[in-house]
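Structures given as structure tokens follow.
Note that subunit A is present in both complexes that follow, paired respectively with subunit B and with subunit C.
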Partner chain A sequence: MSFRAKSTTDDGVVTIRLIGDLDSRSAPVLNELIAEIDAQPVRRLVLLVDELAYLSSAGLRCLVFAHQKMGRGVDIVLVGVRPEVAETIRLTGFDRSVIMQDPVET
Partner chain B sequence: MSRTLPQRIDAYPTHWIAGLSVRSGRLMPFGATEVPGGVNFSVYSNNATAMTLVLFRRGERGPFAELPFPAEFRIGGVYAMTVFGIDPETTQYGYRADGPFRPEEGHRFDATRILVDPYAKVLNGQEIWGVPVDRDQEFPRRSGIAPDDFDWEGDRPLGLPEEDLVVYEAHVRGFTRHPSAAVGAPGTFAGLVEKIPYLKELGVTCVELMPVFEFDEMDNVRVDPTTGDRLHNYWGYSTVGFFAPKASFAATGRHGMQVDEFKNLVKELHKAGIEVMLDVVFNHTAEGNELGPTISFRGLDNRVYYMLTSDGYYYNFSGTGNTVNCNHPVVRGFVLDCLRYWASEFHVDGFRFDLASILGRAQDGRSLMEPPLVETLAGDPVLRDCKLIAEAWDAGGLYQVGSFPDYCRFGEWNGRYRDTVRRFLRGDLGVTGDLATRMVGSPDLYHRRGPVASVNFVTAHDGFTLHDLVSYDDKHNDGNGEGNRDGDNANHSWNCGAEGPTDDPEVLALRGRQQRNAFLLLLTSLGIPMIVAGDEAGRTQQGNNNAYCHDDEISWFDWDLVDRNSDLVRFVRNAIAFRKAHPALRRREHPTGHTGEGIFPDTSWHGAHAWTPEWSGYSRLLAAMHCTRDGDIVYVAANSHWEGCDLELPELPEHLAWHVFADTAAPSPGDSHEPGSEPRLADQSSIRIGPRSVLVLTAGTRSSISRGED
Partner chain C sequence: MDKMVALVIVERAASIPDLDRALRDGSFEVVHRTPDEVVVDPVHGSAVDVVLASASLGLQKIALLSRHLNAGTPPPTLLVFPEEGDYAALESCVRSGFDFVAPPFLPTLLRSRMASCKERGKLALAVEELAAAASLRQYEQDLDIARQIQAGFLPETLPSPHGWEFAARTRPARQVGGDFYDGFELVNGRRLGFIVADVCDKGVGAALFMALIRTLLRHTAEHTGGWDLHDAEPDVGADSAVAAGTALTPLLALGAGPLVQAVVGTNRYMAKNHLRQGYFATLFFGVLDPVSGALLYINGGHNPPVLARARGGHTLLQPTGPAVGILADSGFLLHHTSLDPGDSLLVYTDGVVEARNGVGGQFGMDSLIDIACGSAPSAEALLDRVDTGLHHHVGAAEQFDDITMLALRRTAVR
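And now, the complex of A and B:
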């Protein structure tokens, strides 16, 4: 399955919607996107992951990369993480790097 | 935008093998390493004649590619190849090594087998505890490639002074596997993280983890004779992969994230001020003897990795079938690489070497005065700040407690300490003098290195728990399936009047006191104290003193005990806090007996009369008074007689007064006090020590400590 990432920016809040499989093949795409965003003034990075079909460990690391790249001052919010992925994030301690939220219907 | 750097000129393939683009690889580092565009593989064998890299995709039974190393990819005995375009996350690998099969000469090459990389950072095939490897598969254990981009958040090894260590020996699975542990991921690194607040509150400063390198818990063929259940190799002193954290100790092992989960455990323990020491087993491997499985070393270079007799059989100094040839130059390098990896990549603070005397044996089994491996580890810059602790004996008859070639770097598990304290507590005659030596850091054994070379312990994973030490005269190992023949017979234990469970209140009270006596002696002795996980809560193994094979209630920490025996837990917590509060108990030098600039000698000995120790063979009473130059004074009295007696106390200067920290003869909660709130003694000239009791006093200014009776 392919991977797509769409980003929008609104007053320092960058929202990226992730669609498809985020694994070691597609992770560089997201990494590159994050590196580009880092050039802008950002205070919050929101990753909408509820349309991710698959998130591998390399995909997870990508989220940590975002945390390291953006620095501690930027909140990184994951929206719509599946329970088993949330569990993996928690057990490996990556939950300290990100904020996990349930999707909000708008 | 950041400037794009020019591509390296060696980042392109030169060969095409088995449908993959490759080039001659880098020899260092050994193992599989992610490089731009692919993965670098490097493996060595001095006696192989040819090597093939075998690649698998995760989840597929057969390999997708076999790549023989071209001659120009080999330098000396090292085969290295960079493979481009493979996904490190889903690629698994192994090697076929070709060479002579001549067991009488020590060679056991067999190119039909696929071998585990000794440097594999991740091992697949046993991600779920208790499920054996799939032996129907051609290659059930596959090496994996670990990312090394963990976010340490600035963490580094803590570097605590040795004298500040209070070691807590724990089994990763046993610590949180019991349902009462009530953690999200029982029996795992993540589960242990959830219990860090408990450890912090208890006050321990170092967790020593029993083996966490990948091992096969299913390699035990015995069954429990009563239940018929298959027994395990639960402890894990049988390494399969020296660089790989045990996958089934990680809740995320099924996602291949055990490396991250273990690193997170280390990071979180460090945040709590607790060091991490690993129990490492370099004396033997899981491959056993001639009849054992070929996993890695046997097929890669049998004659190099194992000590062999002149006709090619395996020496068995470890008691488990084979013996690692530790002082072969190749093996020395391997052990060093491994420890450097754990120290640098995992921020581990120290290592405890299982059956370390084997590290000092020559290739023919002789004991060496100056073993090159031990010297190498002692002087290595990467390991410079790591604590190195030897279990200074082996199963081949070497017993080197006090004589292990330490290079002023290695400490030791002090087996003499354990035996003497046990015998004294039991009431044996003739050990009071030896107890004195043990209480001050065993200067007879560690004269050059000081007390911190001595890891003091009364119990360890190997043997009775403390509760069982005072509840059983004899071992009860029938459940191990060997007719109670396994396990040590010299336990120096005493059941206090009834063998095993009893409801006799007097017996139970005495057992409670004996456990407190042991803790108090341990935590007031100079040296590094070590506690076994659960002993602080009265954990029992039902008299089993060799529970290596039990993955059940015998081995697991029942956390309900923490509530049920909360008075004992509180006592231990106070005793640890007392140790922390008193530099007199954490000295780096053995006592000289001189007064120097202090009020009293650094350590002085006393008996029923102050300044008059009773060293006769019939004495069951001993008191020590420790004093620092800065005026920290601690008085420890131990009475193993069944009657109490009055102790004349050393007279303190005018401005000081004796305060009671602990009296094991007193009922809880009066058996111990929080440091700083010790009650002042009404009678400053003498105190009654109860039968089979330990007393600990400290000198405080007449006004400072006394918030209690006056």
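And now, the complex of A and C:
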């Protein structure tokens, strides 16, 4: 199960596309990306997760980590969450800390 | 035997007549390169036996070359030589630990010097490998100590009240892990507390937090008396434990204090002191009245335990609050159910349902529910059956996550 993360920044809105499995093997990749992003002024963090197939507790820890690092003023938006991944987020109650959105049709 | 190859590195690809002559007379094949050529074309690096670099290149460049050449296996011997009588540069290299040759360049002297440098290089390499192996052994020893200490954070025995069976087991994916279970008496033995928890992530980091969270939960639970509404912390929240607690009958309420204080207190402690580290735990904490079979519980973001009924059917004990340590102001609801004779409760961590086979397929909830409802003859037998199921599913694939299970069974009345 491979994992890829790609980030783009536009006027304080950071968008990261996550592909594959986010677990303890791939979590350091995202953690590093988040640490890099945190060095710049961020208003909003958008995660495109329609191709994220699996989220383990270590993966969820990345999101909690991002949430705590960026502070309350920064919205974290998850776009296109698959049902299995949504279940993991809902189960731990982290759904109250992020915004989950359907993908926008383009 | 093939001719030995000597690579001479100087800034301009000029020859150094007396050195070249001595090398050729010592039956070396001589190749000249500039430092840039060596970096661009590493092929030569692996084919040479000895490298002679001009000290005039400067220490920095030579160190860089040395690192570059050392990538080859075995790395060639590197020596510096003085170019055009630049002995100051040579001294500076030698002070930094490089081997050297100096004029007059005579074939026999050169060969013998190179041979001894090569031996020294081999010896240094062997020592380096030994040191690496020794430090690896040290890490392994440390990890083994960590594993033993962590095992000490699990209960030696689980409570065994009359008419009930407890069984539990845990297997970390690595030496140490973030999962744990616990079982202990509360309120002077009138209640039994049991916990299955999963600290996010795995390995050493999770293990350190496991030790902290287990201690906070157990210590708080054991040192909180019976339920008293005036004890309730104001920030528990109107929709949470207080409100739920008021609806409890006095008999049920007996174990509620320790349960709520432990979970709310641990959450507050984690959020206050460790929020930045991003660790959290999902947990199921149950408090059982062994006389009536009543079970009070808080499920903090944990996979829902399976309550299998002797009369058929099952219930999933869904979360009553979020994971512990995720938010300072989390509210936890207190829920209750009860176990009748023959009923069993299976509490587990995500490592069980998310265990993968060789092609990535998960064990899944349905398989687990099937086993939980399969009326195993004892709590221990139930865990055996889950293990067998897991074994069949996973096959030769590596265990990826910590696996922990606890089974509670009320034995049938004779």
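Keep in mind that, in the parts below, the second predicted complex is superposed on the first by the 106 of 106 C-alpha atoms of A that agree within 3 Å, B and C clash if a C-alpha of one lies under 4 Å from a C-alpha of the other, contacts with A are read in each partner's own complex, and residues count from 1 in each chain.
We take it that a contact is a pair of C-beta atoms (placed from the backbone, for glycine too) under 8 Å apart; a residue touches a chain by one contact, two chains touch by 3 or more.
Quick caveat, the model's predicted, so the values are computed rather than measured.
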Fit or clash between subunit C and subunit B when superposed on subunit A: clash
Contacts of A:G93 with subunit B and subunit C, given as first, second, both or neither: both
Which of subunit B and subunit C A:P83 touches, first, second, both or neither: neither
Touching partner for A:G71 - first (subunit B), second (subunit C), both, neither: neither
Contacts of A:A35 with subunit B and subunit C, given as first, second, both or neither: first
Doubly contacted residues of subunit A, that is, touched by subunit B and again by subunit C: 23-24, 56-58, 60-61, 64-65, 68, 91-94, 96-97
Touch list for subunit A against partner subunit C, complex: 1, 23-24, 27, 56-58, 60-62, 64-65, 68-69, 91-94, 96-97
Residue numbers on subunit A that touch subunit B, as the complex places them: 23-25, 35-36, 39, 56-58, 60-61, 64-65, 67-68, 87-88, 90-94, 96-97
Subunit A partner contacts - residues on subunit B that touch it in the complex: 1-2, 87-90, 147, 149, 151, 153, 184-185, 188, 190, 193, 250-252, 255-257, 260-261, 263-264, 267-268
Residues of subunit C that touch subunit A when the two form their complex: 198, 200-203, 275-276, 278-280, 282, 300-303, 319, 321-323, 326-327, 330, 350, 354, 360, 400-401
